[in-house]
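Each structure below appears as structure tokens.
Shared between the two complexes below is subunit A, which has subunit B as its partner in the first and subunit C in the second.
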Partner chain A sequence: MSAVVESTSVYLQDFRSRSVDEPAWLAERREAGIQAFEALGLPHRRMEAWRNLKLGLLGQEHFAAADALGAVPMALAPTAALVPEAWRLVFVDGHLSPGHAAVDALPKGVTVRPLREALAQDAELLETHLGRHAELDAHPFAALNSAFWADGALIDVAPGTVLDAPVVLVFLSSESSAHRASYPRVLVRAGESAEFRIAQIHAGPDNLPYFVAPVTEIVAEANSSVQLHHVQEEGDSAYHLGLVHADLARDARLHLHGFNDGGKVGRTDIYVNLAGEGADARLDGLYLVGDGQYADYHTWVRHQSGHCTSQQLFKGVLSGKAESVFDGLIHVHKGAQKTDSQQQNRNLLLSPRALTHSNPRLEIYADDVKCAHGSTVGELDRDALFYLRSRGVGENDARGLLTFAFANEMLQPIGIEALRDHVGQRLAAFMPGDATVKELL
Partner chain B sequence: MAMLEIKDLHAAVEGEEILKGINLTINAGEVHAIMGPNGSGKSTLSKVLAGHEGYEVTGGQVLFEGRDLLELAPEERAREGVFLGFQYPVEIPGVANTYFLKAAVNAIRKHRGESEIDAMEFLKLIRDRMKMVKMDEALFKRPVNEGFSGGEKKRNEIFQMAVLEPKLAILDETDSGLDIDALRSVSEGVNALRDPERSFLLITHYQRLLNYIQPDFVHVLVKGQIVKSGGKELAQELEQSGYALFEENAA
Partner chain C sequence: MSASTDTINELTRKGYEYGFVTDIEQESAPPGLNEDTVRFISAKKEEPEWMLEWRLEAYRQWLEMASPNWAHVNYPPIDFQSISYYAAPKNQPKSLDEVDPKLLETYEKLGIPMHEREMLAGVAPEGRSNVAVDAVFDSVSVGTTYKDKLAEKGIIFCSMSEAVREHPELVKKYIGSVVPRGDNFFAALNSAVFSDGSFVYIPKGTRCPMELSTYFRMNAGHTGQFERTLIIADEGAYVSYLEGCTAPMRDENQLHAAVVELVAHKDAEIKYSTVQNWYPGDENGKGGIFNFVTKRGLCEGANSKISWTQVETGSAITWKYPSCVLRGDNSVGEFYSVAVTRGRQQADTGTKMIHMGKNTRSTIISKGISAGHGQQSYRGLVRVLPAASGARNYSQCDSMLIGDQCGAHTFPYIDAQHPSAQIEHEATTSRISEDQLFYCMQRGIGAEEAVSLIVNGFCKDVFKTLPMEFAVEAQKLLEVTLEDSVG
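Our next item is the complex of A and B:
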């Protein structure tokens, strides 16, 4: 137990004991990852961005990287097949499951490939971008990912290419992943004016303490449009601590939609750099947090050029003794005039024991900008409840209808229909009320 | 047996007594109007009858078809056949009128031991009742009352009443703030639903409503008590004299 807090961590010892044969540039970036982790250590209460997170088991025990492909748990077979019409890669315990892959007949100029294969075939692209975007100095787990990733995906879409079907990346944990860590890694490059949708789905079995720390880097070149649906449905004892980083060039558009409905601890940090003029980022998130769960979204939206727009809307529903954090930064750099940036966080507490933290941060260094933010925490509206009940709807069903009403807004922006239905079902399962009412929705 | 019997009803909001001994009996098929100045307790009476938790009954009794109404939860009262048309219908963004009403219809049917309404039957019922209250079909697909005008909200209340077919409908200032066209169609809706088995309690601030809905009885509520009851001619008397006379008598 004490090993974790020694001057060199067990993770460094793991790192040194690996035997790998990789290109020098990659070895250097892995080394930078482990050094960043050594400098940071595991998060603790005195680290401002991490003070609400309780590490629990993850802070006490050593989660070594899973070293082999696990089996898809029976119950998660439907998750592996979510969104039937798609190009798909499935990973279990961080390793590619070849039998689940469906990446045939990709249009010309489009690559969807396991990262390990890409190391050989797309060496130049990887060397240019992999690990050159995500920032490791504030996120110990992203640092660990950089050091330890075993596999993941490369999505590269050539300029002017529009994909009509989405790319689906599924990262599962197996029944044998107890006390194991996996570090999925994703690199996305959108060429100029390319347009496509991605779903990144994480899930695993209940009653199993495992750890997943995914990192996704998105390079959106001029005028491209990327939609990323980031779905976290880990098992109820899992730790999920991930990072998404996007760099947007001139006129590029990113729509990131987060859905957090799993894990004992689930946190995703979203970094977006609006680097070129006219870039637009839309970040949406819905977190459903049950008894004993902790959910956390940290956003870092940086307006680095003028005429960029960003909208953030994160909604949370908490029940039982749940806890959530939304911490959202809007940083407007000097000279980023005509910035238009909005941020909203709304929380619905279904239980008096639930606790939510909402922390908007605005740092504005330009003088001709529009920035708005707001945050609300509330319970179900008493008058609305009475209104529904006065029409004969039972109290629990009325609570369910109003919970649905609160969260429904976050389903509409999901740009992949099969995924929207899936999230709708997860919402129905989470909300109060009996099956008859849920069927209506 | 009377449909509704209110006996010496006392009720308070946040510790302040608003109803100070109401007595009222409504028989099946009757239309009663309660009129009164602002703050007389009209809305409190409607909320107490529908079971709003913010109102505390401090004394008295209410019997609905001989049963103690006050011991029932709001949804149980609705399922037994009590309907409250709200003075300020609540907006519920995100829930379509159709879901909401289907949930309500099914809850009531279940209570009666009937099966769930099938989709075709429901649609037929809805279309029929929408015609009855001249409601725009587009409103039905929209979220409950969201962005509705004042008139549309009140029409929606009458529409819901028409669908749910209550035994006792309490309409709390359904006429307030309506222009004459909306008032007409709301009144026509109510008149169409008049039935020997159905009773109405109209709570209103304005005598004008009673030009369109002819009540059997009119009661004047002042400072939490009914100070005078009579036929529909009482409404005309009020129109001429105002409430001042009754307020003096009450004081």
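Our next item is the complex of A and C:
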């Protein structure tokens, strides 16, 4: 316990020793963040929502916030340029990399801007929304983000505006980010009837222990439609513990697609509040967990109004000594009648040492609702394997083909083609089988 | 569609027909809990020294523990010092014939046959046959029927206190082997102060010729009931055991913290059925029993089977998870549950299936019905350990909501660590649709009957696993419970 107490005070000391000149409202919210962290401390086994997480290095060492812009690692240059035809902001170690930015020629009424700049230019919008949505009382790392964020992005789309090209936010960690933390922060506001797609991509170098705790807040006003592709491909020694929060007004639609393929410890909490009637949330996720990795999706879908719909489908593939968690909640508030909510979790275990936890939860306080959830865990179908082998497909290739068949369903909903291809390649690299089979796919 | 408050109120008042108090001379321990209380109980039961030591060790463990708060239930903190931990009728009978007629009358009133001779002659008042009963009244067992007949087959069926005295080697070997003393807060409390319960031992290769049953009755006020039941089925044995419970209507909350342990050896099968009908409290949630119970079965040997069936209609708060530890290869665990919450009742119930052996299988069917202001949660764990190749689980939890003030929640936990494990979990939440009601009523079935029909259909998967008499009783109970709640 003493280590936890110490590391808590280390972060508080960091906070107190900063010298910043910021508006009073922001200083207040940062203070609230560090206070929330102090109250929670680092998570431990006896915190229900965090019981399976093994903090490892993060619990033993002090990850101080990275204070300077690092260089984009060579190997990650293609990641920084993913989805060529997009508006783009690239951040390295939590700081804006001006050389990679491509936000010219934005349509009228559309803002894509680093938060640092936005503090001066969109002060009112930030004061209204930034830090007003994400909940800090259950997520110590989101609390740290609120206290320490250095930069991030503001995406603001005026009412009635439809963007045909996506907005891509890339958050990279550099080779010099060892034992450093970065806290990317994103605020998205969709005006009434606005429609657009976002890709939020996190990546970093292998063999380097670093820590990333991103927080994304989405405010979707009436009848707007937001697609967020949340891609986590951190390096194999990284800790990624993030949060996405969306507030949906009447008839607003959110499609969030998560892809988790990196990090030693990767966890994303997704909070969706369906606050207006007719709102619709669709959450999809695919986690590919290799040897020694830990992947975790927690969802908290709250039906606060009647006539809302939500669907969740999360699929996981585990190999080696991998561990995964899916913990999803559907909470139907009192009076939220005519709710229609679905939740599915499917896990494929490829190895005898893989461990999966699945907790699909329902909390229902209204009677005229349709809610269902399901969860399955299993291995590849032996009959299907036999069928393929009896037709001359080698065992490894057959396993690869069947794994692809299982996971492919989760590639289809990706609404940005270049990103879909990219995720497809990551999947091909993960699954068993040799290159000739993978080329067929 | 929502139930009218008036009728629900009326119902909660009239719906509990077992709420009478038996006026009988009783003696009880003064309220409070300390080592002396534990010594007092142990002395009352004339227990050997090792049993007392065991209790004291449990008590010391309990002192170090904190009351758990993770369940989805709300209740005021329990003052463990205001409870009396022992209450018993003053005249302790030596045999069934000497039992106070008032007590026999009580059980007669509850529909529990205590007269062996009448039963044998085929003039059983309630039409039940071939059920051996152990009747537990507050902290003691007042009588066990058919003991001799069962003894002929080598079956031991007696109260726990008697077993501690008569069969110490068996008790010593098995007590705490499935639910250790320090397992959880209430199990530790029970281990320290447990009063009576049933002890069953079925010898090798024996099929128990009749249903065994225990009837628990809480009578005295300001007391808790801490029963302890231990059932052992040796190799190839079979036993079906039933448990029923009721309590008087009182304004206070009474604690019932039981521990039930089952051990099934190789090829043995234990079927454990419960119809729980403790007093649920009045319409404002005043009074009622806190039913915080630890029940666990160990499938010790290969090919063994443990099956739990429960119908939970009573108690202000039900908090229990009858579980199976599937250690033997090819062992089978089953859990069938119907839980009803109405008025201000709360239930957080479910099961745990721990797959340890190869090719172990488990089935979970849980049906929850929530009406009025009832809050109901299914909480279950399916864990597959690395050695459990070929493990198979199927879980289905359905909830039915009646009225818009109630809640139904599902919290399944699935931890799987073997690729050949196959685990499926499904849950749905629904209400009685107007179409269903309309269909029935259009064919001349009254609204009330229609609801009863639909609810019974909803629960059928579970009722069909109950022994005959219990199934009938459970259906009736459900009808009474839900009468007038839809219309």
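The rule we apply is simple: the second predicted complex is superposed on the first by the 434 of 441 C-alpha atoms of A that agree within 3 Å, B and C clash if a C-alpha of one lies under 4 Å from a C-alpha of the other, contacts with A are read in each partner's own complex, and residues count from 1 in each chain.
The criterion applied here is as follows: a contact is a pair of C-beta atoms (placed from the backbone, for glycine too) under 8 Å apart; a residue touches a chain by one contact, two chains touch by 3 or more.
The shown structure was predicted, so the numbers you read here are calculated from the model rather than taken from an experiment.
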Touching partner for A:D21 - first (subunit B), second (subunit C), both, neither: neither
First, second, both or neither for A:L350, with subunit B first and subunit C second: second
Touching partner for A:Y365 - first (subunit B), second (subunit C), both, neither: second
Broader residue contact with subunit A after superposition on the shared chain, subunit B or subunit C: C
First, second, both or neither for A:D383, with subunit B first and subunit C second: first
Partner chain(s) touched by A:D164 [first = subunit B, second = subunit C, both, neither]: neither
First, second, both or neither for A:D104, with subunit B first and subunit C second: neither
Which superposed partner A:E124 touches (first subunit B, second subunit C, both, neither): neither
Touching both subunit B and subunit C, residues of subunit A: none
Interfacial residue positions of subunit B with respect to subunit A in the complex: 50-54, 73-75, 77-79, 83-84, 86, 89-90, 92-95, 99-104, 106-108, 111, 116, 143, 160, 164
Contacting residues of subunit A [partner subunit B, same complex]: 381-384, 386-395, 397-398, 401-402, 404-409, 436-437, 440-441
For the subunit A and subunit C complex, residues of the former touching the latter: 48, 334-335, 337, 347, 349-379
Touch list for subunit C against partner subunit A, complex: 1-2, 70, 72, 384, 386, 399, 401-431
